[in-house]
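The chains carry the letters A, B, C and D, assigned in the order they are written, with residues numbered from 1 in each.
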Amino acid sequence: MSKIPVAILGATGTVGQKFIVLLQNHPHFEIRELVASPRSAGKPYAEAASWKQDIPVPEDIAGKIVKSLDETLESTILFSGLDSSVAGEAETRFAEAGHFVISNSKNHRMDKDVPLVIPEINPDHFEIIRKQPYKGAIITNSNCSTMFIAMALAPLHKAFGVEAVQATTMQAISGAGYPGVPSIDILGNVVPFIGGEEDKVETEPQKILGTLAGDHIDHAPFPVSAQCTRVPVFDGHTETLSIKLGKKASVDEVKEVLRNFRGMPQEKKLHSAPEFPILVTEQEDRPQPARDIWLQGGMSTVVGRVRECPVLDIKMTILGHNTVRGAAGAAILNAEAMVALGYIS
Amino acid sequence: MSKIPVAILGATGTVGQKFIVLLQNHPHFEIRELVASPRSAGKPYAEAASWKQDIPVPEDIAGKIVKSLDETLESTILFSGLDSSVAGEAETRFAEAGHFVISNSKNHRMDKDVPLVIPEINPDHFEIIRKQPYKGAIITNSNCSTMFIAMALAPLHKAFGVEAVQATTMQAISGAGYPGVPSIDILGNVVPFIGGEEDKVETEPQKILGTLAGDHIDHAPFPVSAQCTRVPVFDGHTETLSIKLGKKASVDEVKEVLRNFRGMPQEKKLHSAPEFPILVTEQEDRPQPARDIWLQGGMSTVVGRVRECPVLDIKMTILGHNTVRGAAGAAILNAEAMVALGYIS
Amino acid sequence: MSKIPVAILGATGTVGQKFIVLLQNHPHFEIRELVASPRSAGKPYAEAASWKQDIPVPEDIAGKIVKSLDETLESTILFSGLDSSVAGEAETRFAEAGHFVISNSKNHRMDKDVPLVIPEINPDHFEIIRKQPYKGAIITNSNCSTMFIAMALAPLHKAFGVEAVQATTMQAISGAGYPGVPSIDILGNVVPFIGGEEDKVETEPQKILGTLAGDHIDHAPFPVSAQCTRVPVFDGHTETLSIKLGKKASVDEVKEVLRNFRGMPQEKKLHSAPEFPILVTEQEDRPQPARDIWLQGGMSTVVGRVRECPVLDIKMTILGHNTVRGAAGAAILNAEAMVALGYIS
Amino acid sequence: MSKIPVAILGATGTVGQKFIVLLQNHPHFEIRELVASPRSAGKPYAEAASWKQDIPVPEDIAGKIVKSLDETLESTILFSGLDSSVAGEAETRFAEAGHFVISNSKNHRMDKDVPLVIPEINPDHFEIIRKQPYKGAIITNSNCSTMFIAMALAPLHKAFGVEAVQATTMQAISGAGYPGVPSIDILGNVVPFIGGEEDKVETEPQKILGTLAGDHIDHAPFPVSAQCTRVPVFDGHTETLSIKLGKKASVDEVKEVLRNFRGMPQEKKLHSAPEFPILVTEQEDRPQPARDIWLQGGMSTVVGRVRECPVLDIKMTILGHNTVRGAAGAAILNAEAMVALGYIS
C-alpha cells in the first residue's frame, strides 16, 4: 500500500514541529507538504522554522520549501496546528476543497457537525462528518488539558456515571507555543490564569462523552469546574481531579475500571495507539511530568493517587504529554482511526 | 517597658532562621537564647547554622552560643520551629517548666487543650490554655497551607456559612526545610504528594473555625478535600479553592466580605499585623508567588480570580508567604496577641 | 533645597521600571515626567506599563500620564532606559535641547566626547562633556556585565596593572527586558550567546579605565576576552574572571586591594553609593545570585573565590545586581555624582 | 558468542542507574550482578533503588537481588559507579580477585599504573595495566567535566599543540548524584563551587593527552585553569574554553580539525561509539544542554561558537551529556574497546 500524502498546516509552530517529529517513519502517512504563514512561505523549512525539538530537523524535511496557506494543496490529509487566529477560515476552505482536515485548533471543535474525537472514547462520532456540507471534512481533537480529563472520565462515566468534576491544572510552558510564556513571568513562579483554557476544559469533555443523535451530539450533562495554572515545567500537564459518581464505587473498583480501559485504537492496534490508554500507578508521589510523560511514547494518560474525596467521591492526580497525546499525537491517532474505519483511503 | 526575653527552639532550621529575621528590631521581644540539637549546641550561631536567608546573619546573633534542647532556659517565650521528631516531648517539658511555648510544629496542634490560633479569627481560643496542666502553656499556629485557606474561609463562614471546600495546593520548596527537596526531584517538575500535608489541611481549618466550648473546641463541621503538590517555586504557596456556601452569595458579595475582614490584630494594631489580612486583586492573572508574597510584609493572604464555580458555589486562587505568614510570622503574631490580651507579661 | 525634576525615558520598560523603584523617596530627584513610545503615550502609567517589579506601582506614578518621546520635556535630568533602536537619535535631540541625558543605553557609550563613567573609578571623565556640541550633555554608564568587571579591575589596575582578562558571564534573564527570553529557551537550559554582549564587555572596560587626554579618552591597552551566556536566574550576573597582572601579587594582596577600594561616591557619601563598592567574601561557595545581589542595596560588586590562576595570574568569581548597580542604579549614581561635582544644579 | 557477564558496583546510585539503562540490549555485555552498600543488599533492586531515570526499571533488573560489596562476584567485568568514600579499597580488592574493574570513580585515576582512557584519544594507555600487580585490572575514565575538554583538546593538541587552557564549566545537577544538590541552593541560582572538581579538570587532561613511557605516563605539560559552577540544568555540562596553541591556526582550520577527529571506537565501530566524536555546530546560540545532549545517543561532544580569543588564541563553547559520555557511557566504551583490543575476552 502506498502511503497517504499529508500536509502540515502551521508547520513552523510548536505543534507543527511535533507533527513532523511524530510522523517520521510513519507506516501509512508521508509528509508531502509543509504549509505556514506568508512570512515563512517560499523558504526551505529549516530556515523558516525556529526549531525547538530535541532531535534535529529530519533531513528530508529541512530542504522542503514551505507553502503558503493560500496555495492549492495536493495532500489527502491536512494536519492542522494553525493558530486560532487563522484556523477557522482556512480549515473551512480546505474542507470545501476536498481535504480531510484533522485539526488540533480550537475553532471548529464545538461546531454542531464537527466531531471532537478521542478514538478510545467516541469513534462513532466520526460519522457526523457526513452531515458536513464539505467535499472533504473537518475533524478535531480536544484541548490538551481536556484530553487527560476526558480519558480518565470515560471509563468511569461508563461504569458508574459521572455527575460532577473539579479540576485544577498545572500546565507546561510548551502548551503556549513559541515564543509563548516570557521567562520573567514563569521562572520560579505559578501563573494562575491561561486565557480561554478553563472554558474549554469546562465544555469539551461533555461533547466527547456525549451521544451521537442523528445530526448532532447530545452532550453529557455533568458540570466541570476548572482552575487552570501555568507552572515552570517544560512538557506535561499535571491535573488534580475530584469526581462525583452516579453510583458509589470503591477506590479499588475505580482503579480496576481505569486499568481495564481499552478502545478501538487498541483493538485495531493502530500505529500510534498506546497499549494501555490509561496507566494507574501505585507510587504515592507519582505521576510526575519530569518522569512519566514518555511512558508508551507519550500517548498514555497516567493516573495516580486514586483515593476517596471527602467532598465529592473520588480524587486523583492525572498526567499526560501535552504536545504528544494532548495535541499532535491526538490528531495523528484520529487520522489513523479514520483510515482504519474506512473514512479515508 | 523592657523587652520580653524570647528563645528560638530549632534556631538553625529554616523556620528558626525566619524567626531570627522577623524578630530583628522587634519592639517587644528580644532574642535571648538560641536553641538547637546537640550537634549544634556549644557553637557560635553563624557556625552552627547553614544560613539561607537573603540578609546576612544579624551581628548580635552571629556570635551567640547555641544552647542544647536539654538545657534549662530563662526566656519567657519560646518560639518553636522544632522538627516534629522532637517537638512533641520538648515542648511539653518546656511548658511544664513554666515557659510559653509558641509553636509552629504540628505535634500539639490537635491536642484537646491546645489552642490552634490565627488571631484574626479565633483569639478567644487562647483561653483554653487555662485547662492545660502546665505551669506555662503551649500555643500553636496552623500548617502553612492551612493558614491561607483558613484566612479565606473565616469571613465567608461568618457571613454565609461554609459547607464544603475543595483545595489544590502548589507549594514552595522552602516549606520543606533544608536540605529538603532534592533539586533532581523538583527542577522542571511537579511532585503531587507531600507527606502528611493533606491530612493537616483537611482537619485544621475546622478547629480554627470551631467554637470554644468550655474545656474543648467544637470543630466546625464542613469537609475539606485537599490535594497537595510541590512546585519549583522558592517561597509562596498558591492554592485553588472551591467553596460550597450555606447561603447563596454573589461574586461581588464574596469579594466585599473578604475585603472587609479585620480582626483583633488590626484593631489593636499589633506590630506584625498586616493592615489588611486579606487583599483581593482584580488582575486576572494574579496572585503569583514571584510577585505578590511580600505584600504587607509577607503577612497578608492575597485572593484573586474570585468567580462562580459550576460544581460548588465560589472558586478562587489564594496565595501567601509560607515561611512568614504561614510559619514564623504566624507564631510571632500569636505571641503579640497574647501579650496584648494579657496572657503574657 | 528643592528637588531636581527628572524624566524617565523608556519608562515602561524593565530598566525604566527600576528607575521608578529606585527613585522613590530620593532626597534630590523627583520624577516629573514619564516618557515612552507613542503606543504608551497619553495613557496613565499603570495602564501603559506591564509592571514586573516586586512592589506595586507607586501611587503618585500610577496615574501620571505617559508622554511621547517627541514631546518637549521640562525636566533637568533625563534618565534614559530607551531601547537602542531609538536611543541614539532621541538622546542627541534632548541633549541639544539642553537636558542632561544620563543614559543606560549603549548607543553613545563609545562616542569620543561622551563619558562612560563609574563614579568610583573615573569621575574625572565627566569633564569631557565640555567638548560636546550640545546645550545639555549625554553621560553614559556601562553595560551590565561590564560594570562588575570594571569594578573588580579598577583597584587592581591601579595597584598592579592589568595586562589581560578572560571573562565568562552567566547572566540573568532580567537583563533581556520584557518579554525578553522565552521560557522555552531558558528553563533548565544555558544559552551560550547574547547578541552584541561580548563586544561590549571586550571594549568598555578599557574606556572606563582609560585616561582623560584633552578632548578624548586614551583607552587602557589590555585585551579582554568575553564569553557571555544566559542562565535561568532571575536577577544577578555571575562572572568568572582570570586576570594577568603587570606586577606579581599574592592572593592576599589582591583581596586587600579589592577590600580597600573606595571612590568619590563613598567620600562624598552620595545617596545611592554603597559603603563598600566591593565586598570580598571568604565563603568558598559564594557569591551566589539568589543570595547576595541585595547586599548594600544591590549597589555592590561581590567578589569571591580569589585564588591563583595556573594560566594567567589571579582568578575569581564576581557578582552584581544587573538591573540595579548594572543599570538604573548606575545611572542614578552618575547623576548624584554630577550634582555633587557641580555639573548639574 | 555468548555475552560477557558484568556486574554494576554502586548499582543503586545515579551512575549505577545509568549503567543499567545503557546496558539494556547490549550486544556483548549482560548484567549478571548488581552490587551496592549493605543497606541495599539482599533487597530486590526495584525496592533498593530510588530510581530516577526516564524509563521504568527494566523488568529483568527489577527483581534481581542486590549483592553486598563484600560478597564474592562472578562477573568478568565490574562497572564501578561507587562513591569515592568506598571505591578506592573495594576496586583494589576486586582487581586482586581477578576482575576487570572499569571505574567511573576518581580514586585510582591518577595512580601511576592505572590508565585514564578515552578510547578515541589514548587507547594505547590500556597497555599499562600489565604493570598492575593484580590478577585482574583497574581501568578508569575521566571526570565528567574533563571528558569534553579532553575531547576538544585532543585533535588540537595533535595538530597544533596545546599550550594553555582556560575553562569555565556550568554543570548540571545530575552530576551531584541523589539527593545531591538541595533545590533551595540551586533553583534560580548559580553556585560557583563544586568540591574537588577544579582540581580534576586541571590535572586529568594532561594524563589523558600524555605519552605512554614504559611503566608510566608522561603527562602533557600544558596548564589548565578551571572555574567550576553548578547551574539549574538537569543534564548536560556546558563549558567555555580558551586555548593557547603551539602553532597559529585559523578558526576554520580549528573547526576542520575538530570535525575530522576520529579514533579507534569509530574505526572498529564499537557498539557505543558515536559516529562523530565531535560535532561542530555553526548556529550562533548553540550548543545548549536542553537541546543538544542527546545527539548521537548522548555520546558526542558538541562544539560551538569557535572564534578567535583576544587573550589566548581560540575560544569556543563545548557541551556533553555528563552522565552518558561523561560517566556510564564512557566506562562502557572503555570496556568495549578493551574487548575489541583483546584485553578482555
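Keep this in mind: contacts are C-beta pairs under 8 Å (C-beta built on N, C-alpha and C of every residue); 3 or more make two chains touch, one makes a residue touch a chain.
If you're wondering where the values come from, they're calculated on a predicted model, not measured in any experiment.
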- Going chain by chain, each one touching the next, work out the least steps from subunit A to subunit C. 1
- Please flag the chain sitting at the greatest distance from subunit A, going by CA centroids. C
- Note on the structure: Note: of the two pairs B-C and B-D, more contacts are counted for B-D
- Message: Using mean CA coordinates as chain centres, what's the gap between subunit B and subunit C in Å?
- Response: 40
- Separation of mean Cα positions, subunit D and subunit B [Å, integer]: 48
- Mark out which residues of subunit C touch at least two other chains, giving numbers and ranges. 52, 187-188, 232, 234, 290-291
- Item | subunit C partner contacts - residues on subunit B that touch it in the complex | 52, 54-56, 187-188, 234, 290-291, 294-295
- Query: Can you list the subunit B residues touching subunit D in their complex?
  - Reply: 52, 173-174, 178-188, 232, 234
- Touching residues on subunit C, where the partner in the complex is subunit D: 164-166, 168, 170, 187-193, 202, 223-225, 227, 229, 231-234, 238, 240, 242, 244, 284-291, 304-305, 309-312, 315, 317
